[in-house]
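Chain IDs A, B, C, D, E and F follow the sequence of writing; residue 1 opens each chain.
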Amino acid sequence: MSEEMMEEGGTIKKFLYVNRKAPYGTVYALESLEVVLIGAAFEQDVSLVFMDDGVFQITKGQDTAGVEMKNFSPTYRALEMYDVEKLFVEKESLDARGLTEDDLLVPVEVMTSEQIRDLMEDQDVILSF
Amino acid sequence: MSEEMMEEGGTIKKFLYVNRKAPYGTVYALESLEVVLIGAAFEQDVSLVFMDDGVFQITKGQDTAGVEMKNFSPTYRALEMYDVEKLFVEKESLDARGLTEDDLLVPVEVMTSEQIRDLMEDQDVILSF
Amino acid sequence: MKFAIQVNEGPYTHEASDTAYLFTRAALEKGHEIFRVFFYHDGVNNGTNLTTPPQDDRNVTNRWSELAAKHNLDLVVCVAAAQRRGIVDEGEMKRNGKSAQNIADGFRISGLGQLIEAGIQADRLVVFGD
Amino acid sequence: MKFAIQVNEGPYTHEASDTAYLFTRAALEKGHEIFRVFFYHDGVNNGTNLTTPPQDDRNVTNRWSELAAKHNLDLVVCVAAAQRRGIVDEGEMKRNGKSAQNIADGFRISGLGQLIEAGIQADRLVVFGD
Amino acid sequence: MLHIINKSPFERNSLESCLRTASKGSTLLFIEDGVYAALEGSAKADTLRQAMQDYTVCVLEPDLAARGIAAKAMDGIKRVDYAGFVDLVAESERVQSWL
Amino acid sequence: MLHIINKSPFERNSLESCLRTASKGSTLLFIEDGVYAALEGSAKADTLRQAMQDYTVCVLEPDLAARGIAAKAMDGIKRVDYAGFVDLVAESERVQSWL
């Protein structure tokens, strides 16, 4: 694993979280976010990709009062405080859903499929939800 | 419900089981079959439709030794003994999967989407798996 | 009108149990009768009394138990599906030599025939699942 | 080589736990090391000792327990996911005032950090799910 | 007849299968992740617009709001709450859930 | 890189998403309901034949056999058992499961 480095006695790996599922219909989005938050304490090199229906996780204006679930979307805004700052969104997924960067509740870098491809190849561990 | 009849003091309804999921990848096919078998004792007017990946439930030649699961496909052959004899398969689903009636392990009636449409409209209770 | 409800997925993982609950509650509020709620497939996992969901989230199982108590609902967990997934009442515990039971208040374990009966007796059967 | 395994779905409903088990067994047979098997989402339901599957079917939980005993495997059930779904060990039972515990032999409940640690320590992490 | 669709049309085939076998005059109700079918400007919008010529198309408003797309749903879709969902079931002689 | 696909290409979008983002030279492994992608003569066969030009395509034989389609899989697909699956993971620097 060429990407590994030793630093302060610990290994630093590149972790990629691939988020492909919509929120609320299933719990994967919420429980994936819980992994990211806990994982932040390990000071690894973390990136998040939102593609396919995963882009809906960070769509603005979520209001869950009617479904009586917890709205966890504000937590994505808190990721910065955990030093999780590399958020990528696939352009093709946004386009297919009629969404643009303006519809998202956090600052992200929009990438083409080709760029996501290169990002994936640059990782050590890929966690998919 | 115009299709209901009273017979020997009991109600007879038209039950349709819609099977749309592949076997083994998920348990729905197996547990749906368990409903059909139990339901047979109630002497209702039962039909089964196999469409989408549900057509794979009755594909010939299943051999589950390698995945160490029970091969439940022979049970479809036993349905006749339970007087469950109306098995319908959507032609469009077969075609899309490169299958023909010869690939199926039980006698079925192949129907077009239009015919399935009429069949559905003729039911009282639709159980979908 | 007389409704029957089928729930095919467990709590939290899929929205099915939430939607079924909110539908059932709305039906009762409109004066309809709920003949039975039948829990099948992973839906049987709604019937465990061992969950401790986060404080700021809904408690899916308790919500069903409370609705059942208030409206005298019949919440039936399928026995075959429950055996595959580990939902156990006192009878099942003894019969299968298990160390504990975990069935929640207001739920009972019974056979698949209860689903068919619900389909026959109710005016409408609505299925919630994945 | 050192593998870590993540299992995201419960027994029987999805094939994920079967595939993960057969993969893990094959890896051990080939002489690889399994650093940890981490059960997340509905995967925590693999860790209940209350199932009674049909006699002619595989026993998913027992199979994991036996493989763990034979190869000293570390089977970890995520505590947060387990609380949502009702998988309880003695500590959780006391802490949350539950009436029973249901954790199967060879499984232990711990935090999500164990998954991250597995990702760091293992050469490969393979995820099985829906 | 009432057809209930709870899956995202971007992820699964349920909408296509439903449209293949639903009679003209039926009602389609989108719930849970199915509500994404209502998105204006998406790759599925034309499919849904076409469907609106043959079917009454409804969407469960609480699921739409949860997902932040209440303002982005296409015109011509009827929005219902859980009580309206109950009414749709009561009014329909049969119900099919496209799980 | 190894891409593991466990969903039927007739039901879900995972195969398309994988093909959009997998680098040339990667290995695709179909397991569980994903093995239906290997069906000769299906509506997805051309997609897979095309993919075989850029990727090494493998299928988990026990899952293929379970589903009764071992004799119907396309030529040019490499069949592996669980031990072969383990080898593929060991040989690949990184692994992505398309759940």
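Quick note on the criterion: contacts are C-beta pairs under 8 Å (C-beta built on N, C-alpha and C of every residue); 3 or more make two chains touch, one makes a residue touch a chain.
Quick caveat: nothing in here was measured; it's all calculated off a predicted structure.
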Other chains in touch with both chain B and chain C | D, E
Chain labels contacting chain C and also chain F = A, B, D, E
Farthest chain (mean CA position) relative to chain B | A
Comparing A-E with C-E, the one with more C-beta contacts is A-E
Between chain C and chain D, the Cα-mean centres are separated in Å by 26
Length of the line joining the C-alpha centres of chain A and chain C, rounded to whole Å = 34
Chain centre separation (chain D, chain E; CA means) in Å | 38
Multi-chain contact residues (two or more partners), chain F | 6, 10-11, 13, 32-33, 62-63, 81, 95, 97, 99
Could you check chain B for residues that touch two or more other chains and list them?
-> 1, 24-28, 52, 67, 69, 125-126, 128-129
Which parts of chain C, given as residue numbers and ranges, touch two or more other chains?
-> 12-13, 15, 22, 41, 54, 80, 84, 125, 127, 129
Inter-chain touches occur between A-C, A-D, A-E, A-F, B-C, B-D, B-E, B-F, C-D, C-E, D-F, E-F
Per the touch rule, the chain A residues reaching chain C in their complex are 24-27, 67-70
Which positions of chain F touch chain D when the two form their complex?
-> 4, 6, 31-33, 60, 62-63, 81-83, 85-87, 89-90, 92, 95, 97, 99
Partner chain E, residues of chain B touching it in the complex | 1, 18, 20, 28, 51-52, 90, 92, 113, 116-118, 120-121, 123-126, 128-129
Which residues, counting only chain F, touch chain A once they are in their complex?
-> 1, 13, 17, 20-23, 93-99
What residues on chain D touch chain F, complex-wise?
-> 1, 3, 8, 15-16, 19, 22-23, 25-27, 29-30, 32, 124-130
